[in-house]
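What follows is chain A paired twice: with chain B in the first complex and chain C in the second.
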Partner chain A sequence: MSDGMIEFRKEFFADERDDTLNEIGKPTRRQDILGHVTGRSPFYDDHLFQGLLHMRCARSPHHAARIRRIDTSEAERTPGVVRVLIGRDVPLNLNTLLSLLDFGIDDEPVLATDRVRYRGEPVAAVVADSEATARAAAAKVRVEWEVLPHVLDVEEAIRPGAPVVLDIYPGNRFIYHGKYDHQKLRYGDVEAALRAADHVVEGRYQMSPIEQAPIETCGAIAAPETNDRFVCYSSTQALFFSLATSSKLLRLPSSRLHFIGGTVGGGFGGKVDSIHEPLAILGAMLTGRPCKYMWDREEEMQVGAPRGAERWYISDGVMRDGRIVARKFVGYFDSGAYTRLSSYAIIKAVGHLPGPYTIPNVSADVSCVYTNRTPATAMRGFGITGVDFAIEAHMDKVAEVVGMNPIDFRILNAYRDGDMKAHRRSAKNCALIECCQVVAEKAGVQLSNAARTASSRQGGGGDRGRLPAHTALDQSGRVEGFDTGSYARKAGQRPATQHQVPAPVAARASPATQAASVQSRPRVEETRVAPSASQTTQQPAPPQQHPAPPSAPPRSGPIRFSSLSGFRRR
Partner chain B sequence: MTLHRGRGFAAINYPIGMNLGGDPSQALVHSNPDGKFTVTLSSIDLGQGMKSVTRQIAAETLGIPVEDVYVDTADSDTGPHCMGSFASRGTHRVGNAVIQAAQEARAVMLDAAAEELEVDPADLVTDGQGNIHVRGAPSRSITTMAACQAAQFRQGKTVSGRGIFLIPLSEVDPDTGEMTPVSCFAHAAMIVEVEVDDETGEVSVTDMKSAYEVGRALNPKLVEQQLRGGAWMGMSHAAWETTEPYYPDRAHGPVDFSGYLMPGPGDLAPHHISILERPAPDGPFGGKGPGEMCANPVLPAVVNAIYDAVGVRIDDLPVTPEKVLRGLRAQGGAKPRRRL
Partner chain C sequence: MAKKPVTFTLNGTERAAFADPGQNLLDLLRRGVGDLTPKYGCAQGGCGACTVLIDGAPHLSCLVLGETVEGRAVETAAGLSGAALHPLQEAFMVHFAAQCGYCTPGMLMAAKALLDQTPKPTREEVEEAISGNLCRCTGYEPIIAAILSVANGSVRA
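Moving on, here comes the complex of A and B:
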């Protein structure tokens, strides 16, 4: 299909390119293709150790419930079962990937102990000598549930009186910068511009939850290695995220972990914040044998974190000649029951608005909303795909309202080199106009003379490159009593009744403490001092009922990837 | 029953990489005794070609044939840190780290060659075929193999290099959203043609014509596979896939590929791709990342094409026959627009 179906339009931007390179630009055959096409490339699931054990989880059938009791005795008596893990077996049973970047706090147990917040949440992990036995025994884990009210819609979840998904987020919204219950974008004066526009066009758009659907389902195989280490073969998309998460949750220094991956059967975002590695390693630690934890297809599709749903409202103010003068967004990301990566996707989305157009007045309020559904995570185009769908479906409507050809309309409003963007940085290296022109030419769409001769390199900057003279600011969604670096309710305010596990208290308190302690320091020092200073306070206390884990030496705190401690305001 | 044809357009840009917490990747490069090089990474090849594109980048920078480079990745005992393969960051971030590491190794190789040839290293060039020679004097040359051997066995030099590329953390203003989200953007535009059956509500995508701007197509075949596959995924997102067909209700969630639908070979539309290359000033040889953005224009282009064909706006994805039929019924039948 490819012959005649692809062309390289070298005439565009030729003066910005050196096309006389030796290896770059050649269709060189892949380094690993022979292994792939002959079925010999080693993926994680090819490391089938002798005596390999298999892990399967028992999961919640409810959207929300309190756990009164977990009875694993029948599962443990099943012939072939070696061990049944529950929450108290996990040395640090509270996690969120972004806390490794000092953005957000740990909110999700590896194995639920007192409450479940989505259907499919794991409460126990059976380790057995065959997958079939593990599966059969997982069905024998008995849990006494007290079903709780649940909420599944993002806009219902943020209404007063909605069931609270996570106690640390009492409004069911992530807190940004300790200041607002959403991320704001304010550029110019959108309301004034909407009033002055010739037409206002409104729309509501819904992006669906979608499964990443890699051919190779998520998983890991871990085994005790010589010299008191553990090897872990993993399908991770991010080797060091997985290593650091395992190091943190298992309270093992990274030097005792040997992670091997890199050849993966598709990811699409679903293998960035996986939790298979720490569970597989824990299985190996507690049994002394190799242990595999791999999702089946049903788990991959229903309890594996999908691309989350997004709901967007867009209002455009447009003039009769087709110039968009105002664009306003209200967005809700459905994070599901835990934060995972949704809080970050919103930052990325807000930095992307209003799409590739130069619009003098833009605003956005975007919320990360908790609901009782499978937590969402990254997927191809994370933070962007959903809002691009909304923007471009909306552009089609606005073009129709002003009676313009949809491509002419895009080119008229397209951003050009030197234009100021809504996140207050200059546009450069633009090429939207040229892409539009090439497609119009191929499809035989007659463009206006202005659109046909437009260029990303001309006509930008000048007045279009200046910041708005006035930006309307507001305090909507303001929350009180938070430190700059805190993301959830401030320490000491949370009712103590909800969790038996005291861990969230410590976890919640520490970012606030951290932020407070660094604020008095000069900026440069902060980057170096804060992460190590936080390590001793960062470790949440273990669950009360279980033996204290070996206390980590001070030099072996969790790995952190942050260049700054806390996501501070400028 | 009538089949209605329509065309829909969409255009997008896409930010390359993530910036939260700072976004670094590292690379190590070293030469074997015989001048074959190993690039050591912790980056992940998901099928997108991470190993292959970094191999070409290393070869180009070192000035040696691609066959002389092998990329070894994702063993935490040997590979330096990488944030991971996501956010379209691999080519851009890791590629830049590989360039830096390869430049350091290349400098040692040229120093060694200069010592053997008794010339100034600044006068030396590589021919990309495994030879180092004096600029303008191809006969005064030494093979890269001999230079690396001399370095390691006569001169006592390690032909190796270290590289890191870091995009620093972008702070975000809580009140205005001011930030530096990323350093470069890829672009795309697309026209999709659909056929809508006004009796069954079924939509088929019959043609796609696209233009993708990718900075530089470092390996045109790898770029093409990304764009073709990504556009397929966009089409699938538009009119096939969901884990929750009645969102926000959780009922009827698919559990396997007989319930979770995706376009099969018979559903594929011809897709004519045009590639534009405006090099990113901070990209490896100008490269951006084509991986994620290629899906994005397809979703809105499909719903816009359905409107063009029958006058029904589908604002909730995915498009299903049920939604199309309900829309047709609400407006009393197909109302073709034919704007494109």
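Moving on, here comes the complex of A and C:
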């Protein structure tokens, strides 16, 4: 690292740290640097094969359309074309990425058969002996389209009567926990606190999609091996995800797939979608020859899944002295036409709210909304980065309303050790105050005496460490028809014809009923109810300072995807 | 259409290949003669990952027709090091001037073209020389520092 880029402030928390470190603070050479500077690092396209075939996709020119007919005959007759694949050639032509974790419903075909839902969605894959031939033949795939109405804005998509993007989600929203058309967070009573606040400050924040734009475009090369396996060289950032996804979609045991990756020419989250490997392997399976499926730059930019757009509405209740007493979020993630990883990004986002500030009343309704835009996926802190922009822009706005300098204002409201967070975990090892103090010093900002002498280790806990005595609950956005037994699976056998509008259910179930439903869960579930935002809102918060840890949870059973903290065993 | 024989020197060694009509130099080098150091990033002249030197001057090999290098001298990152690394390679290692490594071969060739012509460039000249090479890991500062360190003769310090 160049000199001066890192500064160690060892005066902070010196007693909490062992400074006999062997690596930290000293430059260490990357283990792959020699390959990089000699140009010998083996990226996926640096593997040469005799008789390599090239795959190019024919894509939808429409945001939304029904496919009446796909005619590949002219493409197939093109000299040099070996095979043209369409949806029925894919053994299992429907997937959702997180199905590997039992999270969500399969919603996306590898090659569209009856409908397209975004511009650039692939409908056929041409395999030819040169890239130029594959490109020319892909242009000869004839599709009879019936253009359908489309929707490109999250709030237009959730209005009644909006075009339905995916029939399994008739309200154009992902269904959380089989119950709600959004992910909820309820902590304290936001509406009451907003009424009691000296000022209410509202803001609307919009982030556009961002393309990861790696210099190496996404792709994969697959080839038959001599041992009844297929080797696949891939740019993937998620090798085992791509392996399992290929195994699922091709109905091949993973033992017949030999994946090689790890050398990634820039990823930034954009190489986790396992788009290329299944098609490249299928091309190799159906032709018996090595097959490369690689996006060109235009495809990388047009159909490569970006960080999705987000829209956030924030309402803060703030007192004249600068204390934030309530914060309410309404958020919309633009998932694009399919789920990919957006449903999970929202769970991360809601676990992160209300940002690193101690606010006694917080609520959030965050929706994963389907539109006819390019599906979104991971990128560098997705789920967090967008809402952090909204939160911090809003902090500046609120500071201005109460007439405080924005760094003083942040220090006043920052988490301190022992404070209770809105997702019901105790704050530990806080350092925001100290960071703010260093920023103020470097920026030449004069802090108030209170802010200058504040410490993350003082003033936290106590009342600030207790759960709210009362948390206001509601059933807004309740839906029926989804099975809660498995993760938000549509009840019954994929009733594609079921067009039921998410209906609000009776205002509030009685506490007794709620308690009973919680009691009937398996024991492990019960002990872990506390961290889950949606489940905790079912019951008033108990006045306990430290939720008891679960007693010896069983270690067997399939891994499930926890609603808040990632993986969990049942 | 007929393939066209092309003879040229690659990193000082005479090479021959058959160029397809319309085949760019990037593809000719990678698939035709097996030099995989120039990288495909865009094939539109936008990213610089395919930068090679032709008769000492930097060119985007994606925008050069393969058949046009007949009789010319082509240099790629594969020719930078022999028994020992080139000072630029050493400097890129010391200065952490590569993260994913995909832009690195093109970046090195752009830097070599500069230093061959201007052994003591200013920082502005270094910035200008690599202005056609994108690094999405955004490591421009370490890259500039690495190139300047070669010019200052301080690489091995």
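Following the convention adopted for this analysis, the second predicted complex is superposed on the first by the 475 of 570 C-alpha atoms of A that agree within 3 Å, B and C clash if a C-alpha of one lies under 4 Å from a C-alpha of the other, contacts with A are read in each partner's own complex, and residues count from 1 in each chain.
Assume a residue touches a chain if its C-beta (ideal position, glycine included) is under 8 Å from a C-beta of that chain, and two chains touch if they have at least 3 such contacts.
All figures in this text were calculated on a predicted structure; none of them were measured in a lab.
Trainee: Taking the superposition on A as described, I'd like to know which of chain B and chain C A:217 touches: first, second, both or neither.
Mentor: second
Trainee: May I ask you to decide whether A:132 touches chain B, chain C, both, or neither, giving the answer as first, second, both or neither?
Mentor: A:132 contacts chain C only, not chain B.
Trainee: Please indicate which partner A:73 is in contact with in the superposed arrangement: first for chain B, second for chain C, both, or neither.
Mentor: Neither partner.
Trainee: So in the superposed three-chain picture, is A:355 touching just chain B, just chain C, both, or none of them (first/second/both/neither)?
Mentor: It touches chain B, and chain C stays clear.
Trainee: Just checking: does A:393 make contact with chain B only, chain C only, both, or neither of them? Give me first, second, both or neither.
Mentor: first
Trainee: Considering only touches as defined above, state whether A:446 meets chain B (first), chain C (second), both or neither.
Mentor: neither
Trainee: With both complexes superposed on chain A, which partner does A:30 reach: first (chain B), second (chain C), both or neither?
Mentor: Both chain B and chain C are touched by A:30.
Trainee: Looking at the overlay, what does A:46 touch: chain B (first), chain C (second), both, or neither?
Mentor: So A:46 only meets chain C here.
Trainee: Now for A:38: first (chain B), second (chain C), both, or neither, which partner does it touch?
Mentor: A:38 contacts chain C only, not chain B.
Trainee: Using the touch criterion from the header, give the chain among chain B and chain C with more contacted residues in chain A.
Mentor: Partner touching more chain A residues in the overlay: B.
Trainee: Which residues form the common part of the chain A surface touched by chain B and by chain C?
Mentor: The answer is residues 1-2, 27, 29-30, 32, 213-214, 263-268, 297 of chain A.
Trainee: Would you mind writing out the residues of chain C in touch with chain A in their complex?
Mentor: 20, 22, 31, 34, 36-37, 39-44, 46-47, 49, 76-78, 80-81, 85, 89, 92-93, 95-96, 98, 100-105, 108, 134-137, 141-142, 145
Trainee: List the residues on chain A that touch chain C in their complex, please.
Mentor: On the chain A side, the touching residues are 1-2, 27, 29-30, 32-41, 43, 45-46, 48, 130, 132, 212-217, 263-268, 296-297.
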